[in-house]
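Both complexes below contain chain A, partnered by chain B and then by chain C.
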Partner chain A sequence: MNKALKNPMLYIVLILPCLILFGMFFLYPIFSAIRYSFTSWNGVSATPKFIGLDNFTKALTEERFWLAARNNGFFILFSVGIQVPLIIFFSLLIANVKKLKGLYKTAVFLPSIMSTAVIGILWGFIYEPNIGLLNSILKVFGIEPLYWLADEKYAMISILLTNAWQWTGFYIVMVLAAILSIPRELDEAAAIDGASGMQRAFSITLPLIKPIISVVIMLSIAGAMKAADIVIVMTKGGPAGSTDVMATYMIKYAITNFKYGYGNAIAVLIFIFTLILTALYQLLVARRSERIEY
Partner chain B sequence: MSRLIKKLLPHIVLMAYLLVILFPFLFVIFSSVKKDNNSIALNPFGIPKTFEFGNYVEAWVNAKISTYFFNSMYISILSAVVSILIASMFAFAITRMRHHKISAILGAVILVGMLIPNNALMLPIYLLVKKLGILNTHKALIIPYIANALPFSVIILSAFMKSLPSEIEEAAVMDGLNAQGIFARIIIPLTVPAMVTVFIVNFLGNWNEFLLANYFLSDDAKRTLPVGMVQFRDQYQMNYAQMSAGIVYSVVPVIVLYAILQEKIIEGVTAGSVKG
Partner chain C sequence: MKMKRSLMLLLSLCFASSLALTGCGSDTNKTTEGSDSPKTDTKTDDPKSVEPLEMTLRHTQVGADKQKRFAILQDVVKKVEEENAGLKFKLDGVESDVNRKEKLRGEMAAGNPPDIFDLFGSPDSKVYAKEGKLLDLTPILDELGIKDKFSSLEPFTYEGKIYGLPIGGSGEGFFYNKEYFEKKGLKVPTTMAELDQILATIKSDGKVPMAGASKAGWVPLMLANQLWSRYAGSDVTSKFVKGEAKWSDPAVVKGFAKYKEWVDKGYFKKGELGFEYAEYTTQFTSGEAVLLYDGTWKSSVFKAGESGEKLIGKVGFFNLPPVDGGAGDQTSLMRDVNNGYGFSATVAEDPRKLAAVKSFIKDLFNEEMQIRGLVDDGVLPAMKIDASVLSSKITDDLMKEIVNVLNESKTSFPAFDSLVQADVTTEISNIQIQKLIGNQTTPEKMGEALQKVQEEANSASE
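Now for the complex of A and B:
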């Protein structure tokens, strides 16, 4: 019995392809990024020059880097502060309607399986100043056309709205699944005791779906830290760098301006910031809402 | 009366939300059959009086949608299939073979891959691909796509394989089957349902991927659909009717897939993110 499933040669043959690819595309890049982050290198010449922490001090004192980091912060604030309440609200609504549940679920999920690039193009058209949907609607109310993506005042919020439009439904479906898995008796018992719909939502459903809300927030933070393609497609970081996020700032330096060492230092900073945020969140918030059993 | 309002109110709110989600798509579909920007401006919301299907023909030719479409299709399918193959070999080895200590360590190592923000690794991967001499070939996307999908695929497949009862192998060994046979003839066929889920998630991820596809390929004829669309937009920005037709082309395959497989897709995509 044990002999057939012990066969060490076979074991090695089976695990090797996966381990090689994992080493090449996960482990090696991390070490490579850390290594080059201490160098000044254009990505082409033979020898990278070791410059210690210069890249990091440069990034951390550069105003445009902090502008980019701030925009990542806006992504997080927008999703945690505005999207999460909406997600909870809509999933409660969908969970409590009797008819059309399937339709709502299917429709709200749709944008999240589409390419962010294509959604960026689509919304670019909606924001178009002269013939776009949004200004056409505003015109009905007699409001002058706004330059959504070309005006520094509105560009970032326009991107955040598009991002929310794409991802809110995805999280709604996740939260909805959690709500629907709560045993019905809990809700029914409370209803018999005379609790109103509002009271039941706040004192029964919400506490029970805390863990999944926590997951949604974690995913939002992770998503916010790696946001890049939506910005590249919609504004390319403009106008005047006002919508750059850390990842697009990194790409601009490394690939477009051949500052490979500096770009890698930004990559390492993205890592560190993500680690700090997740650790902080875990320590401050998630710890308190441990596992729930019915 | 008030009971009726109470019943209808949630539906009214939800319908408003659906309108926000679906109207942009309608807007693009309507615009795609309008003559030019001017007719979009004159009648932004409604269905046009005369339908202009020429936009679809021109977008197909001008935007080379056919080329991008084919590139995206074969890169996405090939990468997804190879990931599943490699991941299922690995998952079989660590869940069903008798090397438990090493297996536990290997499983934990792969799990770490789920936690790595992969956009941040783009530069070293760019360099690696360049060193391998495959920059600006489809391999520059296929190989990283295969690798990127591995942690998720391994996690889902090994969770599934772990749940299969061990009596299966015992019976198979009694009947004289060796480990390769158990893998190929017993475990793989039983794992097909999980593989379908993993395939859909990997396929969608590859189909929609933009960053690597944008920076790792420079020949126009090799581009994938998302990158090709962005480029088309930049070139024909003035002609929104034609651009809308292009958007319809790139969105329709996903909608068709979604219409057929929505339950599987929702289950797979959300499972992936929770496990991550």
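Now for the complex of A and C:
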């Protein structure tokens, strides 16, 4: 094996399929998106017109684009600030149950294997103003029905809740795997020394699963930046554009209007923003968490 | 190390499977190419056998409400296949909006649209025609002698050539629950004041006066469009692009204000911004809402076996009544002939395909099929049909009322989205109308905001 890899020709031949696929499905689309982002292009024409940075200046000076970007920010805040602590909490709970662990794992994982379209319909019923579950519960307490998806005040939070419901289970399973891979002796030793469950969770388990939490946060940020499907199925960006995210802004203001050049510019901006955010996170937070050695 | 090895294994598995998959992809491509190429059948001994020819036909007749329309298409397809030996259509049904905004566009850009496809006139067909993606139908229409038979081909015309054919037309007005009207002693309104009175009566009765489902902006805009056209004249929308009229003109704003007034009085279904278009119909068919402002295509729902079955014979149709101080023709009605079929420019390269397209046009765009579309499906003809022929064919009461309304309206105007630039459409349908409904803007501010976008779009297109 090692001998073979010393032969440069063989080495190249072996990685060639990978490089070709990587080039075809990753590099080429990115570069073509960047190329078209500098053009005025209707998506059909064979000769896009080069217009320099116009698309970018237009997007960056557009109020609606920043509103959409702000909503992406809400996605990030919600997932990192609320979802991640919940994920850790539930993972710890499930890791420590004695019975039916498999059932819990399956139950929390279930939403993430469902299609977003299905989830949109499912939660659409929950949020339904007249007969929906939420308003029926509110009614018991004598609260007037709320128009969850139709009211600008609640639409965004409704989407965030649904999105969290969809993905929490997926991350829980990831964190759970990390917790379960911690050698038992550590926990047992601490227990013998008289550490309470809480102490063990905070002083032993949490520090040891830091790297995986870091990964979960990274994935949450990246996921929040490219969120689109859940918004489309739940509110279509409405009411009055209040739940638009960058990706739905791109669809509405560029793709639908035959402005593919502008659309590509937005896509490139989303890419750049995501790159900056994840790079910042890596530099400021993730790097500092050291490698774990048991 | 163990971990590394399993990772390697996983990666190589990925590669292997992706390679296999790409292999599959190119394989299927090859076979289709093979069947398309004219040389494949040279070995057959039987002189009568014709080499097979497959053509793809993209239609949008999916879902329960479009079954009737699909049946018409299927019959046409069968006929065309009989007329062209060896021809086999591959039907590809895609939801209309998905086809219009995603699928067809992607295919156009990639240069591989289906041979025949559902196409919107304005602005879509013009964009595609400009890039040479659409088959010029002018010679075919001349040959078949049906060029002058259409009521309007304007939306499908680019630089004097015709690139698509409208399958049907539609008008928009109020569907109303006749049973309820009779019970309450209400009459079809002839003035705006009467309509206001009716709405107030229904409201005080505890019913929903008008269905509402404004998650998609075009739904409330059907009525709003009609309102501002009543107040400011039916040709006002076409003037926005030329700068001859403004969205912020008082008369236009009056239209928005009227809409807002109805919203404020609670005449629409509450929480409308959260409802899909499908729920719009349901509010009416369930008897919850008494009025439904919708396109004439909706009449197909009130037929046996359809979702509005129990309302058969209990639904009427009327035009928005004239308004006081309104401009222009007060019977004017929004009418649309913007949807139909287009054909790929590549069809011209294959004489057999071209012949098939010719038969398709001949078999689909004729009086018989137009009348069938009207009678079976409630789609108004896009071709000129003699009024006496029409009235003799229509047995359905609702359809008779609809045709009456259309005959009584002296002029018509196209929907705003086929007149103004796409940016303006986006602004009004995604933002402004929903803001108006959600009480976050005033009619005046709405007019100004729209005018701003309109002016930007006007200057950009110069």
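Just so it is clear, the second predicted complex is superposed on the first by the 267 of 294 C-alpha atoms of A that agree within 3 Å, B and C clash if a C-alpha of one lies under 4 Å from a C-alpha of the other, contacts with A are read in each partner's own complex, and residues count from 1 in each chain.
By our rule, a contact is a pair of C-beta atoms (placed from the backbone, for glycine too) under 8 Å apart; a residue touches a chain by one contact, two chains touch by 3 or more.
As the structure is a computational prediction, the values presented were derived from the model and not from experiment.
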Looking at the overlay, what does A:F258 touch: chain B (first), chain C (second), both, or neither? second
State whether A:A150 touches chain B only (first), chain C only (second), both chains, or neither. second
Comparing the two partners chain B and chain C, which touches a greater set of residues in chain A: B
What is the contact status of A:G43 with respect to chain B (first) and chain C (second): first, second, both, or neither? both
Partner chain in contact with A:L280 - chain B first, chain C second, else both or neither: neither
Could you say whether A:V215 touches chain B, chain C, both of them, or neither, answering first, second, both or neither? first
On the A-aligned overlay, A:C18 touches which partner chain: chain B = first, chain C = second, or both, or neither? both
Which of chain B and chain C A:V97 touches, first, second, both or neither: first
Is A:A240 in contact with chain B, with chain C, with both, or with neither (first, second, both, neither)? second
On chain A, the residue positions that both chain B and chain C contact, one per complex: 17-18, 21, 43, 130, 255, 260
Chain A to chain C touching residues, read off their complex: 17-18, 21, 42-46, 64, 127, 129-130, 145, 147-152, 235-241, 252-253, 255-260
What residues of chain B sit close enough to touch chain A in their complex? 10-11, 13-14, 17-18, 20-25, 27-28, 31, 37, 40-41, 44-45, 86-87, 89-90, 92-94, 96-99, 106, 109-110, 112-113, 116-128, 143-144, 146-148, 150-151, 154, 169-170, 173, 177-180, 182-183, 204, 207-208, 210-211, 214-215, 225-227, 229-230, 233, 240, 243-244, 247, 250-251, 254-255, 258, 262, 265-266, 269-270, 273-274, 276
Footprint of chain A on chain C - complex, ascending: 15, 18-19, 101-102, 105, 108-109, 123, 127-128, 130-131, 133, 214-217, 270-275, 422-423, 425-426, 430-432, 434-435, 437-438, 440
Once bound in the complex, which stretches of chain A touch chain B? 1-2, 4-8, 10-11, 14-15, 17-19, 21-22, 24-26, 28-30, 32-33, 36, 43, 90, 93-94, 96-97, 99-100, 103-118, 120-126, 128, 130-131, 133, 136, 165, 169-170, 173-174, 177, 215, 219, 222, 225-226, 228-229, 232-233, 247, 250-251, 254-255, 260, 263-264, 267, 270-271, 274
